Each structure stands twice: as structure tokens, then as C-alpha cells.
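By written order: A, B, C, D and E. Residues from 1 in each chain.
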Amino acid sequence: MNIPLSWYLILAASLFCIGLYGVLSRRNAIAILLGVELMLNAVNINLVAFWRYLDPAQMGGQVFAIIVFAVAAAEVAVGLALIISVYRSRKSVVADDIDLMKW
Amino acid sequence: MNLWNDPINFIAGWLRALLTGWGLSLDLAKIFIMLVGVGVLIVGSLVLAIFLVWVERKVVARFQDRVGPNRIGPYGLIQPFADIIKLIIKEDITPTTADKVIYNLAPVLALASVLFLWAVLPLASNIYGVDLNVAALYLVAAGALGTLAIIMGGWASNNKYALLGAFRMVATMISYEIPMVVVLLIPTLLAGTMSFRGIVESQAGAWYVLMAPLAMLIFLISAVAELGRAPFDLNEAESEIIAGFHIEYTGMKFGLFYAGELLHAFTFGGFVALLFFGGYQFFGLEKLGPLVAVTIFLAKAMFGYWVIMWIKYTMPRIRIDHLLAFNWKFLTPLALILLVVTALLHKLLAGLPLWGITLIMFLTNVLIAWVTVEILRAYGRKQRQAEEVLAPAGQH
Amino acid sequence: MIWLLPLPPLLAFFLIVLVTNKKKALSHTLGVGAAALSWLGSMIVFVRALGVEHFGEHAFESVVDWLPTGETALQIGVRIDPLGAAVLFFVAWTILMIFLYSVGYQNFGQPAGDHDVKGLPPHGATVTDNMGKKHTVMSIEPMYSRFFAFLGLFACGMYTLVVSNNLLTLFVGWEIMGLCSYLLIGFWYGKKSARDAAVKAFMTTRIGDVFMLLGIAFLYSATGSLSFEVIFAEGTLHALATTPAFFGFSAAGFIGLLIFIGVVGKSAQWPLHVWLPDAMEGPTPVSAMIHAATMVSAGVYAVLRMFPLITADFSGHGLTMTMSIIAFIGSFTAIFAATIAVAQNDIKRVLAYSTVSQLGFMIAALGIGAYVAAAFHLITHAFFKALLFLGSGSVIHGMEHGALHTGEHVDPQDLFNMGGLRKKMPVTFWTFLIGGLALSGFPVLTAGFWSKDEILADAFGHGHWVVFITLAVAAFLTAFYTMRQITLAFFGEPRTRAAAHAQETPWTMTLPLVVLATFAIGYGWTGIPEHFPILGGLIPNWFHEFVGGTLAVHPEVLEFSIWPLLASIGVALGGLSFGWLAYRKVRTPRQDRLQIPVLKNKWYFDEAYDFLFVRPAAWIAEQFSYLFMDRTIIDGILHGIARGALFLGGVFRNYIDKPVINEFFGDGTGNLVKRAGAGLRKIQVGRLQYYMLASLIVLVAFAVLYYLLLA
Amino acid sequence: MESDWLYIGLFLVVGLIIPIVPLILSRLVAPHKPNPIKQSTYECGLETVGESWVQFKAQYYIFALVFLVFDVETVFLFPWALALGQLPLFVVLEGVLFIGILVAGLVYAWRKGMLEWA
Amino acid sequence: MTASQIVFLLSAALIIGSALMVVTTRKLVHAALWLVAALFGVAILYGLLEAGFLAVVQVVVYIGAIAILFIFAVMLTRKEMRDTGPQTRRSWPLAALLGLLVLAGLVFLVLDMPDVARTAVEIPAEVDTVGALGQALVSPEAYALPFEVASVLLLAALIGAVYIASGQKKE
């Protein structure tokens, strides 16, 4: 275990920003959700790394990571369901086409 | 420490001495030894897979009142090797429309996902790849990779039948994964550990099949479904979708899928054995030596494999709606009930002698089974009555 | 034990929604059973609380960690102190009564209607009796189970609010009730008026809630805790009272004010009172009663809870700024709503405005520091107002029966369609009369008298003349319109055939009436001042002792004075007799001289709000967001203003909604604004990623700015 | 502990490489004479009509959805099952509540008719 | 350079490379499969961090369930499976710029952190982190409430998603 903590943190930051780029730049709503998954994983890397480096006796980091799993699952389930539902009515999964919420 | 009592460590120690003698650092030597162990285990399991081809063909022949392979070698034992040579020298056809990389990756992943399982199988108390403390979940994770391989293969083939087959297979696999994981929790909580060796060791007093016979049945059923074997082989319902997700695969790539399936079946036989039938233990016989224990384990695994074959060759295929309904409306609730009941009993009965716990748990299982059967019968009766009421009306 | 109080209704909610939705009998059994369980638990807690000496100092409390946040943990817990116990008592009773009453009101046991659809009130069913004759009878509510599910959730919210020991869970309960009130007001979502009323109620209370949340956040940042015990510790209060905040308020006063704004929304005080009368669109008496007798009480309860905070910098002489505001809003609402109630013809609306008015009494009492009086009136009012609402529901139900029976299409809620119901519905009449007298403050006998008298006495005793006189006039008006209502509905001759054929309602409805009537009389006796002539001292002033014990500094017993007593007796009897005399002979609305347009139209408040807030808000939103988003952020960076406008214009031309623009910008504002608005609005595209980009840009910009400023 | 994971890592690598060996072997020995007919999509000799990536029933998605939720649930249950031995009976009830809540979801999907293949 | 550092760098390369492919590749199914690769890399990191349970759970949940769900969703929402047309929005350079800015900011913050180059202490061999995790998750003084709330969250997600995805075709 001679890896500095900063390696993990920077890796997580990079992953987060790649995910962010995906969320902001992709047209397809499903691809946006893929980006969100990357971001959530970046968060999890941080949580677990801090758990390991700061206080392995305290299980908080791992518990939070597991909760993030649950949240990710919920997010994907509902998000994809929404996309499928929108696709049914509008025949499109392009996020920019889903713009009824304007004005 | 001698060759008979602890062969792995013996050989490892010998190798370590040899390698460090050659001037390798201790770490490198360790890694090298591990590589050797991994290689032996994987090659061994692949050889076993080849042998299983023969077993499978022989057994199915007996079920169907035939003789099976009997020409090449004694009892046709050389037959599978001939098969393999045939597969290797066959032309490998890739459809032009296929998604090449994924197409080629799928069969490899399919076989690999099965091989991965062997890393955690304890063949004897000191012959095992690794005693992982999350082995039970590792089993599920490897299954997940298998699912992925199938969907990759089905998708990359760019063929309607392949994709349909893959979808059916995946739907089956993920559905039946739930009751499987739930009943996997039962040995876990009884043993208090996820390590397979720990689970086996904790069955020294009583096999878990006595404490949780229903869990064993559910595990067996969902294992068969995971394998996509009859009666759950909708993925390759020949009359509908020809050969399922591997329709476009020829030659050795098909061979990998095939070997993966057989090895998978056998491996699950092994898991049934180690989760519910005491693994490498057999009334103290395993204490004679690790090799005896390995033999016991393989025999039990072979028995499980034989049961799975028995099911395959005697049952008709069921429809997909029935298949999914059976899982979600029957198997999953039942598994959850079993889990809850077992957890409660496990806690409440703590402190009783082992035979008492076993007896009460067994009787509870019997009771649950009886109630379930009664409910099913009542339900069936109701449906029959409903149909009888409907039937005359329908005729007019 | 206390933890479990909100649980049964919640479970009932889930069970009904998920499982027993189709089975009506099972659903109401579950609902009523859950309410009864909670009731039982509450009574046990209450009785145990009575047995504790100096209960104020030894409140039942239990705390768990809710969310570990690093070193510390956010705690939640339950707490029953004297105030909590007293409120729990009436909450348990009224909620149980509502549940029971709903069984009858939603016509359980009646056939399904002929043309009833979900989302509309039942229209009646045709049945053929064994003689072969056809009758039209009342039909069962199509969404019967759902109604009980909502009630269950509502009860859960109310119990949560009452038992919580901190502002966070209190707020959670508060919001659950907000949601339920939305659901219940809009229960008949097929009616446009119900939909609008639901949205209105939700939005109006939301305005208050935002401020309340701000107050809670402020409090948390100031004290680091939301638990009552921590906040109301002497040191904390002192620190809060001496910290200056904004506009000359102390921190305590400012937080109190913010939370009070939330209460203004929830308890329908002026100027956020507009939603409550509209809320009467819900299934008639039950939701009305929820909104009038239980939920709005939660607002007053919240102020009671926050009382130590609000009065933290109150020295005893001269009200603080926050208290003056509260006192002003309360007394103004009291008289303002009373004037409107005088001119309403809908039986429920009269009650709705009277509720607003009575809540004003309590708020005003709190504003002048009369803690016990406010709590006392809160509880007595809850009992008799619940009684009145259930009574009015019973009247409406009887009228509907008559209307269906005769086939006459009349509004069953209009007072001028009633009359003479005294003989048709005796139980309803007598209980309604008791409730009405209690509301008017009929001397000595009724609970309303004692509590109202205490408020007036407090105002008098502490020399708040303006409040005293305003409230006295309001009390007079209260007695007047109550008597008007009773006279019109129950006395005289029937004005319509429907009224003539009205029928007494089933036992599930009358039993709650009787129970509540008992409390409407009896509860007052728990709080008779010790120095009251003749009666004083016969029954010890239990309420003052008990509830007063909640406060760290026990409020002193007021010196007795004859004048406020005479005043309250005077206004009550005067108003009652005046109402009786004025409406004894009135047959039609024309003869009613108080049908003044300005009162009838509720002082034009709805119209004013529409003009003052709704329209400008829409206008500002457009201007601000378009200008801001377009000019300064997105276009500037993306393509430059010109290119962006061109590109977006090309894509979104189709979405420019001309009629909307015309409507908003009107004829007078001119073409310039119109064109600018049309151009600028294109940026509000409804595209998720644009918004994300924009907010991210702002975030990054602020991060850079923050760093630069810090460095 | 660390060496366990090292072993698993090696196993994964080797397990992925070894199945490739016969493929390479086959590439070396087997004939390779492609032609368009041979390489077309196999549909029992019928001409391929339309896109092969056809639309699928939403039902597949629903099952995957229910599976996802239960899969995550079991992830929570494994630690629970392990901790069972050391903790009081109360914890068992916690797990039972956890399962009960999820079963409510299953019951909902069931009653909604979402578990029907129709 | 030790063995674990090599493993870290390899898996970091796998993660970053696959993640970049996820956000740039044109075929959506490929994007989903690249996501699987990236997430597998994350699982390796968990193994490296001695969070074995999470490593396995990562594979079970992400690869076994979420990736499958993604692939199903892709299959369901494409009539025309060939991914034609541009896959990125026009403003992608801005998005990239912002991503880089945020990255710069985060890296800046990370490097600013005190003692960021610390290395981890050895976990004693007899400590059972999985068991400790289980106890932390269910014991009332730790995370029992989040544990229960998670199930409510999953319930809500299940009901909501089933309701939305079913499209109320029965009525």
C-alpha cells in the first residue's frame, strides 16, 4: 500500500470530469446517463480511498459507497424508464428534443 | 508438511526454494508460483470439460436408450478429443455484418466467466485456489460476466435469432439470479461467513441440505435456469429461433460456448455439493488425505452434474411466460420467505444442540413445503373451476 | 412508545395503496383501526403524562442519531411535554372522529353510482326496491379506499408534527400535511375548481414554507442544532436574543418572524389566507375539517413551540418588533375574516372564514405573550370547530339526500336553500347548536367562552387596548354570523323541497358529533380562572398549571378583572341575539342586508393578488430570465449574441407563442418590449443540458471569484 | 488478504488468455475461404428481411428493472447475513423489515400486472 | 515502482481510457460496453484498496445489472440501430472546456489538501472488514436507519420505474 492518496483523488477527479463532459456533450439521453454513472463511480472511488487512508476501522466510507450503489441503481432504473417512456410518445431519445419544460 | 498431507504447500515450498535458489526475488517467486497454480487449475478444469463432453454424450445416450460414443478408444473415451480436433480445423465464418471485436470477445468471455469460478472452489481443506472472504458474491459476479458475454454475442452477431435468443437467455438468467442469490444467503448466514471453505467447514456437524432442503432445491432449479439448460433452454428453442445467441458462431468459437456450458453445469454441481452437501467432507473420510477429499468433492459434483443432466433429458421445455412467472411469482417469494424464516430460526435456536437445530429447521422446511403445495393446489383447483365455467360459454 | 404514534396510519396508507385498494371495507377497517391504535397510544401517553409531577421539567423524550455527519450526528427524536400532551389529546380525538365520520360521509354500504367516475363526487344511484319502484339514493364514493389512504398519511403527518422534538421532523410532518392537503383538496380532480383550489393551496402555503425553511436554516447555522431542548436552553436563547440580525431584529426575533411567515401560510392568516376558503372544494366536511380544525392548528402549534424563541428578547414591557407584527397580523385577521364571514351564504365558507378569524385570535394572543390562553383556545377551538364542520357536513349530507329524493337540483351548501332542519335532523341540530354557541363564546356553559375570555382578559390585563378592542369587535361579529348561520339553516320553514326532505345521517356521522359536542362543552371547565366569581376554584385551573409548565418561566396567573369578562359576555350575547333578531324572518338573499359586494367578494383579495403578484411575476420571470440568461451568459460565450440569436431563432421559431406575448405585454406596453421579449425568450429552451451548462458556468465563475477574493 | 486479490487478478488474466489459445490454433490450422453467401446472416436459408436489430418488448426491460432492484437489495443483505451471528435478535427484524419493504414493491409490480408476459 | 503501483497505473489507464471511449464513441452499445470496462477498472481499484466486498459488489451491481439495463434500454429505444448523425451536441467544445476547468480546480484543491501524499496504514490480518461492514450497516448506533431508508429508496425506484415504463397500457 505505497500508493499516495493523491493518486486516487486525482484519478477520481479525472473520471468525474470525463463523466461531466459526457453529460454535457452527448445528445442521446441514455449516453447522458452513462456519463452520470461515471461521475457516481468517481465519487465512490473517493469514498473508498478516504475510508482506506483515513480510518479503516470506521466503516462509514464503505457504507456510503454501498448507499451510492443503491442510489445509482435507483437513478438508472427511473432514468431509463423515463427515457423509454418519452421514447414511446416522442420517438426520440435526443435530450434536446425533450424540451416541453420550457417557458 | 509432506506431499500426502498438504500437497499444495509442499510443492509450493519446493518451487519457492528452487526459484529463489536460481536468484529470483521472493516476491517474483511468489507470483510465479501463483501463476503455476492458476495455470494448473485452469488447464485441469479445461481437461475436465473435455472429459465432460464424453460424460454428457454417454449419459444422454443411456437416458435415450442408446449406447453413445463407443468406437474411438475404450468406451469411446477418445471421442471428445476427435471432436476438438474437428472443431479446430473447421473454417471460422464471421458474418460481414457482425461487430467484429465484440463478436470475437463474447465466446472467450463466456468460457472465462466459468473458469473464473474455479478460483474459489475448495477442492479439499488445503487444496483450493484462494479462500476469498466474499466468495459467495464472487460466484454471482462471475455469473454477471457470463450474462454479459451472452448479450455481447447475441448483439454482435447482427442476427435476429441471435439477438432474440440472447434476450431470452438474459431475461432468464437475471430473473433466476434473484432466488439463487437469496438462497445463497442461507448457507452464508448459517455459516456466518461468505468464504466457501468456511461454509464447508461449518457443515462438519450437519450438511445444510438437512437444515435447508428447500433452499437446496431452489438453488438447483435456478442453477439449471442460469445454465440455460432444459427445461429452461428457450435461448435455443430450435423450432423458434434455431440455435439462439450462438447461431452465427462456428468452429472453435462455438466450441468455447459449448465447453463453457458443460463446465458450467459441472461447476454448479460442485457448488450444490459444497453449499449443501458438505463439500469435500464425507463422514470423516476426507481426513485420510487431501486427494481422497478431492475425489469425494468431484464425486459429489459429478452427482450434481448428473442430476442436472437428468433434469435436462427428461423435462420438456417450458414457455417463456411460464418460465418468468414461475420465477417471480413462486421461486422468488418462496426464497425470501425461506431466508426470513431461516434467519429467525437461526437466531432463536442459538444455544440448542446441533441435532435439535437441524431437526427443527428440517421440520420447518417440510412445513413450508407442505403449505406451499397446498396453496398451489388450491390455486390450481380455482383455475380449473374458472376454466370449466368458461369452457361451455366459449363453445356457444 | 411515542415513536410508534405516527406509525399505524402510515402503515395503513401503504397497505391501502398497495394492497387493499380494491376492497372498500378492508380499507376503511384498516384506516379506522390505525387511527384507533394511534388514539389509544396517545391516550396512554396522555394519562401517563398526567401522572408525572412537574411534567414540564420531566418531559418524555427519546432521541436517536439520524444521520452521522462526520464527528457529530444529526439527531431526531420525539418529545412529549405538557403542551405536546395537550395537543396530542385533541389531535388523537379529532383524527379518530374524522376517520369514523368519513365512513358515513363517503356513503359506505350504498350501491355504486350509475354514472360515477373517479375524480368526481358521486352523483347517486338508482335502486329498485322490492315493490318494483325506483329510488334515487346516494352512491358510494368511487375512490373510497384512496380517501382513507390519504387520511392515513395525513394523520401520520400530524402525529409526526406533534411528537417531534426538533424543527426538522416537525417540518417533515408539516410538509406531509401540505402534500395531503393538496391531495385531499384536489380529491375530486375532475372538477376544475377543485384542481385550481388544490394548486392554490399548495402554492400559497409553499410561499410560507420557503420562509420557514429559511428560518430553520438560519436557526441551524446560528445554534448548530434544531432540537427544541438545545434551542430553548437559556444560554442559547440569550445568545440569540442579543445577536443583532437584520433591519433591527435580533436573531431570535428574525428567526421567529421567518418561521411565523410559514405559519401565516399554514394557518391561513392574512395576507396568505386566500387558500383556505377555496380548500372547501374537497370532499365536503372531512377535508374541510382537516384544513380547518387540524392542519391549520399545526401552524398555531408551531408558533406555540417557538414561543420561547419569539419572546427571547421580550422583557415584559413593550412588545418586541416580531411580537407586534404577530399581534397585528393576528388581530387584523380576526376582524377581517369575521367581516367576510358575515356575508357568505355557503355553509362551509362561513365556517372557513370563521376559522381564519379564530386562528387570528390565537395568533394575536401569542403576539401579546398570552401563551396559555392561545394554547387553550387552540384546543377548545379545535374541538368545537371540528364539531361545526362535521355538523355542516352532516347538514350537507342530509340536504343531498333530500335533493336526490326529490330530484330537485339545488346547491346543498347554500344557507338560503335550507331552513327548518331542526326537526329533520335533531342530533345534528343540537350538536351544531352547541358548537355554534361555543364558537360564539356563550357564557359559562361552553368551552369557547372560557378560552376566548382568557385571551381578552390577557389583552386587557396587559394593556393592549387596540388588540383588546379589535378582538372584542371580532368576537361580536363571530357571535353574529354564527347565529345567522344557525338561524338560516335550522330555524324557520324549509325554503326548498330538498330541505323539507332532508334526513338524519347515519350513526357513524352522528356519533362523532356527539363526542365532539361533549368536549366542546366540557373541555372549557379545565381552564376556569381561579378568581372567577362563584365558579372560580370549584374546579382547579388545571390547564394553566399543566400547559404553563412547558415554559421555563411559569407564566403568572392574571389578576382577575371584571371588565373583560363583562365585555366577552356582552359581545357574545349581543351578537347572538342580534343575529337571531336580524335573520329570524329572512327568506331570500335579497332580504339580507349584509350582502355587500365588498364583503361578498372577500375584500377583492383574490383579484388583487392576481393583479399584484401573479401577472407581474410571470412578466418579471420572462424579462429577467431571458435578459439574464441570454445576454450575459450563454450567447456571449457560445456564439456571440448575433450568431446565437440567429441559430436559436432558426431552431425555435415554431415555439414563439404569440397569444401569450400579447396577453402578457398588453396593448399599452408597445411593440418594442414585445419584440425584445420575443427575441429573448428563445433562450429559455427547456433543454436540460443548457441549464446544466449555464449553472456550471456560474459555479466555475464563482469558484474562481471566491478563490481570487480569498487569495 | 492482498495476495488473495493478486491471485484473483492473475486468475482473471490467465482465465481470459487461455480460451484464446484454441482460437489462435484454429486460426493457424483451419481453412479460410470467405465468400459473400457464406458470410451473410444465417436465417435458415431465407432471405434476410429488414433490420436485424428489431424492436423488443418493453417487458424485457421491466424484468431487468425488477432484477436490478432486487440485486442491489441482496448486496445489502450479504453484510446483514454476516453480522447476524454477533448481533441481537433486533437486527434480524431489521433485515426482515428490509425484505418486507422490497416485497411490497414486488407485490405492487405483481398486482399491476407487470410480471405478466403479455 | 512497486507491484501495487503498477497495478494502480494499469487500471487507472484502463479506467480513463474506457471512460473517454464512453463519452466519445458513436455506437451506444459500445459506449455501454466501454462503461463496463471502466467500471471493471474501478472494481480493481477497490480490490487494491482492500475493499474486497465493494469490488465484488461493483461487478455484481454495475456489470451484472446496470450495464445490462443500459443495453436493454438501448435496444428498446432504437428503431434504427445504426447510430447515425452526430452524437455530440454543438456546444461540445464548451463542455470540454468546462470539464477541463473543473478538473483543474479539483486537482488544485486535491494538491492543496494537507498531507495528501500519505500512504495507507496496514490493516491487521485478523481484522474482518466485511464482517465489520455488516455490523456497521445494521447496528442501530451506526447506520441502521440509512440501511432501512435504502430499501425504501429502492422500493420507490421500483414502483416509480415500473409505473413509468409500463406506460399504463392496461387502462
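Note that contacts are C-beta pairs under 8 Å (C-beta built on N, C-alpha and C of every residue); 3 or more make two chains touch, one makes a residue touch a chain.
Please read all numbers here as calculations on a predicted model, not as lab measurements.
**Student:** Please identify each chain that touches chain D as well as chain E.
**Tutor:** Correct list: A, B, C.
**Student:** Which chains sit in contact with both members of the pair chain A and chain D?
**Tutor:** C, E
**Student:** Based on mean C-alpha positions, I'd like to know which chain lies farthest from chain A.
**Tutor:** C
**Student:** Between A-C and C-D, name the chain pair that shares the greater number of C-beta pairs in contact.
**Tutor:** A-C
**Student:** Quick check for the class: compute each chain's Cα centroid; which one is farthest from the centroid of chain E?
**Tutor:** C
**Student:** How many angstrom between the C-alpha centroids of chain B and chain A?
**Tutor:** Result: the chain centres lie 33 Å from each other.
**Student:** On a C-alpha centroid basis, what's the spacing between chain C and chain E, in Å?
**Tutor:** Here the centre of chain E sits 46 Å away from the centre of chain C.
**Student:** Taking each chain's centre as the mean of its CA atoms, how far is chain B from chain E in angstrom?
**Tutor:** 28
**Student:** How far is the middle of chain A from the middle of chain E, if each middle is the mean of its Cα atoms, in Å?
**Tutor:** Whole-Å distance between the two chain centres: 6.
**Student:** Where does chain E touch two or more other chains at once, residue-wise?
**Tutor:** 3-4, 48, 50, 52-53, 57, 60-61, 64-66, 68-69, 72-73, 75-76, 78-79, 89, 91, 94-95, 98, 102, 123, 130, 133, 135, 137, 140, 142-143, 146, 150, 154, 157-158, 161-162, 165, 167
**Student:** Where in chain B do residues touch two or more other chains at once?
**Tutor:** 31, 132-134, 137-138, 140, 163, 167, 170, 174, 177, 194, in rising order.
**Student:** Two or more other chains touching the same residue: where does that happen in chain D?
**Tutor:** 4, 6, 8, 53, 56, 58, 60-61, 64-69, 71-72, 75-76, 78-79, 81-82, 95, 104, 106, 108
**Student:** Can you give me every chain pair that touches, using the contact definition above?
**Tutor:** Those chain pairs which touch are A-C, A-D, A-E, B-D, B-E, C-D, C-E, D-E.
**Student:** What does chain D use to touch chain B in their complex?
**Tutor:** The contact residues of chain D facing chain B are 3-4, 6-8, 10-12, 14-16, 18-20, 22-23, 25-27, 29-34, 36, 38-44, 52-54, 56, 60, 63-64, 66-67, 70-71, 74-75, 77-78, 81-82, 84-85, 89, 92, 95-96, 99, 103, 106, 110, 115-118.
**Student:** Residue numbers of chain C touching chain D in their complex, please.
**Tutor:** Touching chain D from chain C are residues 14, 18-19.
**Student:** Please name which positions on chain E make contact with chain B in the complex.
**Tutor:** 3, 29-30, 33, 36, 52-53, 56-57, 59-60, 63-65, 67-68, 71-72, 75, 128, 130
**Student:** Within the complex, which stretch of chain D touches chain E?
**Tutor:** 1-2, 4-6, 8-9, 51, 53, 55-56, 58, 60-62, 64-69, 71-73, 75-76, 78-83, 86-87, 90-91, 94-95, 97-98, 101-102, 104-106, 108-109, 112-114
**Student:** Quick check: in the complex, which residue numbers of chain D touch chain C?
**Tutor:** Where chain D meets chain C, its residues are 104, 107-108, 111.
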